[in-house]
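First up is the structure itself, then whatever we jot down about it.
Per-chain numbering from 1; labels A, B, C and D assigned in written order.
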Amino acid sequence: MRKSLVFGLFVLGCVLFLAALGATSHVRVSHFLAVSRDLGDITATLKLTDISFSDDARYTRNPSQADIFSAFQDYPGSIEHFPSGSVTPPPDFTSLGAAMKVRGQ
Amino acid sequence: MFMQPGIIALLLGSGITLVLLAYASFLGVKIWRNWDIGSNSEAQLALERKTYLVSTLVKYGLLFEIISVFLFIYTADDLHNLLVGAMCATGSLNANSFGFPALYAKIAVLFLAAGWIALDSLDSKAEDYPLTKKKYKLLLLMIPFVIAGYVLQIKYFGGIDPNVITSCCGVLFSEGGTGVGSSLASLPVHPTEVVFYSLFMIIFFVGVIALKSGRKLFMVLLAFLSAFFFFVSIAAIVSFISLYFYQIPTHHCPFDILQAGYYYAGYPLYVSLFAGSFFGTMAGVIQPLGRIKTLSAIIPAVQRRWTFIALAALTVFVLITLIPIVFSPFTLEGY
Amino acid sequence: MNETIIQTNELTKYYNKGKANEVLAVSGVSVGIRHGDFAVLKGPSGSGKTTMLSLLGCMTRPTSGSITLEGRDISHLPERFLTDIRRTTYGFIFQQFHLIQGMSVLQNVMLPLYPTDVDLPKLKKKAEGLLEGIGMMKRRDFPVQGLSGGEQQRTAIARALINDPEIVLADEPTAHLDTALSRDFMAIMKDLWEKGKTVIIASHDPIVFENEYAALVVEMRDGAVRNVTRK
Amino acid sequence: MSLNSHMNVLDFTLLSLLRRKFKNFGIVLVFTLIVFITGSILFLSYSFKREALLILKGSPELIVQRMSAGRQELIPVDRAKEISALPGVSGVEPRYWGYYYDLLVKANYTILASSGSLSAGNRLLQGRLPGPEEKGVAAVGRGVAKARFIDIGSTISLVSSAGDAMDFDVVGIFESDSELLTADLIVLGRPDVIRLFRMPPYMATDLAVTVRNETEAPVIAGKVRSRFPDTRPILRKEIIRTYDAVFGWRSGLILTLFAGALVAFIILAWDKATGLSAEEKKEIGILKAIGWETSDIIEMKFWEGLVISLSSFLLGIILAYVHVYFFGASVFAPALKGWSVIYPDFRLAPFIDPYQIAMLMALTVIPYIASTIIPSWKAAITDPDEVVRG
């Protein structure tokens, strides 16, 4: 078999696989859309305003809401946490004799 | 505003296009100033070899520009959530005065680059490269549009303030509004339909005669009609074609048909329209070049092929516009 | 059949003209080669034979002077068209064979016509026919780097013939061969010549230019023609 | 030039690539990795964004909070009456909620007062919600249930602000399909929330306002603000816009950080393309001498770039898709989600459209191809004459 044909088949295979993934994605998206009606119901009933995305610190849990808690409460010295906090871990204060650990580090 | 991944991708992609085309024109100037086909010097040989690079650069530039136009529309569409009042890409593009001009500049680059590549391929068929000097002058014409497209797009994204209330397409295209958008939509549906379809019939007729007879007059006529048809078609898409696709009598957005919800109908629609009007126009544009001796044998065959492509593409385009009109229960009677 | 196929007129070629390392490789050469000629460019190394062959074979353009091929002036053609001519009219056999390493004999033979609109299976058949003709069929799928010198040259000959050239050019073809193989090579060339091809060989090997069928011998020295003998 | 010649040149290109297997597969591998990483970031953030937008469509149109010295304060419930008297307002309800730090598992919970029950067909809650005035019962999110190893019927114990332990019977657990919304929730009856947080009487956390016509929400927000200058009204539209900006921002930030790797790869590609070995250069010279044209060599180089970038692009997209949507983006999620104790564990819905593909192309394939144009041309103009002269 000629090489260009093999390559063509490889590309075709990948595209078909992607198409298959696209089809399953369609199924999953429509499943999500069905679920999202129930989710909307929960949001409406409980009057939720934010998604549970980063609950590492209190003040990141409901980013759209002003907070009773100060931004420095969980991790003193941590710079404003949202949205940059997700890629900037809080500073290390062990040199000051303070014991503080970040889970998973 | 520049931290959105779409904007990063766009600035990177179109920045590369800018660099490629700018370098191509820089080389173009060099070639244009020193070109001497009669010379057998090594400098001339080096220039001849540079022409390959310029063609390659422009071809890739066109390819990347196509991706970048789509990316620009998608990004604008994606931004509409950030903007109060914007319902689709049209609203986002209207967020400031740079949105639509940036898009127009990009589309102009598409046509100019494609036209240049067509001329280039024609030129390389003749043994004395008769178009070289003209060709590289034309290349310089393209550069302002490329730069304008890039600068306008930076100004557009830089100027987007997510808090500014923008007019959504519902407001923008509503009959009472002002501005380019609404004046397009204000074209009444029925007359536009009549003009659009009859103009297509005329073009088809002229094209067939041009194919059969190969007469100059019809070729030139075809060119003018094709170019005109492009604008009429855009107006028609805004005025009524999009409405049939959305099945909503007030949604005039020409960009939403690119989305999955409308089965990506916009892609074949715009591709066939662009290809059709481009080849139709080019078939006539190259008519005067027939006077050049070395090209005179080549041009008629090329014209025939391009006319054929143009007619085929425009027919496909019109057929696509007819699909929702014929097969859906939605009608615009009374609007 | 005896009309001129290639005519050169005051052909001159400089390399690196205007620079410190300027070389005058060929100067003022005017020769005519006829259809069906068996021509030999004779001369010591550095005499300009190879450059002459390159000029005749459309590999490079002359600095001045002209070449006409079948009445058509090709000395000013852009490279694109020179390549077209080369592809349809010439078959080239190089001194170093210049086969592409890592590919099989068959693939090497097929290579020149890849970028043309030829159908690959047909091309393959044709290449196999050529290999058959010069007794290389058994080596068909052999990688070329494993071949002996004689076999490599046969592969190179088959490659040169794949496009049914009207003119076969060879540059010092016997330089890397022993006497027996050189005679074999000349036998193949003679065969081609008898089939009506025009053969042009650059060589300083007596086996080549002392042949009875070498109708035209052009003797070169320092880029200029010393002597032209036509039998 | 028609189809046959292009296919033949592609054939040769593939043959030629296979001759340098290790080098070329290495490049494909690195390129695939780049597409995979970029693709994962884009898919992940885009799906989060789309899901957030859909989920938040049901949240209150307007939240009114009281501010004191720049911080949020509890708001007197009687303000609700005045606000509901504004024209266009259809209802005002106080919300009671807050955060609870669980020392035991070192996680933050969101405590919320129940205000009504879900609609009958809702499949996302196993059990039921506590009634608004009910005491001693709770409904919890999957994340809480997992962290505390509880099930329906168990009790969950929380320590109130006064220091005494309060036990709640778990009567409902949210299904895992809703984790993006409910992972850390503990829903209690209103009296329990007030007691747990020791909230003063007649005070609520904030007020949720429903309006008759959403387009008028900004006007109403303005009126609320002028009537109560110490309040901060938050519009749903604003929240949705914030989320949109935030996810775009996050993935943009990661992409920017990641750009270094991309640039390194482009340099590699450039180097590979410019650093033609003497052998390769000679080969191209031979091809030209035996009848290949400069544009044929450029085409061959185009195919070379296309074969490498298309294979890597397709493989990279497939891997990124599988990674993000089948394995929950296990590699990158921590970077996007932050460092929580309760990670919402959810399967994202694969929202993918041509936008993602075009974006990925602009970020990976275009720079790669562009970096090979000039080197390819340099290779293609090799003089055939040089080969003849040896």
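Heads up, the rule we're going with is that contacts are C-beta pairs under 8 Å (C-beta built on N, C-alpha and C of every residue); 3 or more make two chains touch, one makes a residue touch a chain.
Fair warning: this is a prediction, and the values are worked out from it, not measured in the lab.
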Checklist outcome for this item: By C-alpha centres, the chain nearest the middle of everything shown is B
Checklist entry - In whole angstrom, how far does the Cα centroid of chain C sit from the Cα centroid of chain D? => result 65
Checklist outcome for this item: So, in whole Å, the Cα centroid of chain A is separated from that of chain D by 5
Checklist outcome for this item: Taking each chain's centre as the mean of its CA atoms, chain B sits from chain C at a distance in Å of 50
Item to check | Centroid distance [mean C-alpha coordinates] between chain C and chain A, Å | outcome: 68
Checklist entry - Which residue numbers or ranges of chain B touch two or more of the other chains? => result 49
Checklist outcome for this item: Multi-partner residues in chain C (2 or more other chains touched) are 79-80, 120
Checklist entry - Multi-chain contacts in chain D: which residues touch at least two other chains? => result 7-8, 11, 15, 249, 253, 294-295
Next on the checklist: Which pairs of chains touch each other in this structure?
Outcome noted: A-D, B-C, B-D, C-D
Checklist outcome for this item: In the complex, the residues of chain C that touch chain B are 16-17, 61-64, 75-81
Checklist entry - Hey, which residues of chain A end up touching chain D in the complex? => result 2-4, 6-7, 10-11, 14-15, 17-18, 21-22, 24-25, 28-29, 31-33, 35-36, 38-58, 60-70, 81-87, 89, 102-105
Item to check | Touch list for chain B against partner chain C, complex | outcome: 37-38, 40-42, 45, 48-49, 124, 127, 129
Checklist entry - Okay, in this complex, where on chain D does chain A touch? => result 7-8, 10-11, 14-15, 18, 48, 51-52, 54-60, 63, 65, 67, 71-73, 93, 95, 98-99, 101, 106-108, 110, 112, 114-119, 121-125, 129, 141, 143, 174, 177-185, 187, 206, 208, 232, 234, 236, 238-239, 242-243, 246, 249-250, 253-254, 257, 307, 310-311, 314-315, 317-318, 321-322, 325, 334-342, 344, 347, 349-352
Checklist outcome for this item: The chain D residues in contact with chain B across the complex are 41-42, 45, 53, 237, 240-241, 244-245, 248-249, 251-253, 255-256, 294-295, 298, 353-355, 358-363, 366-367, 369-370, 373-374, 376-377, 380-381
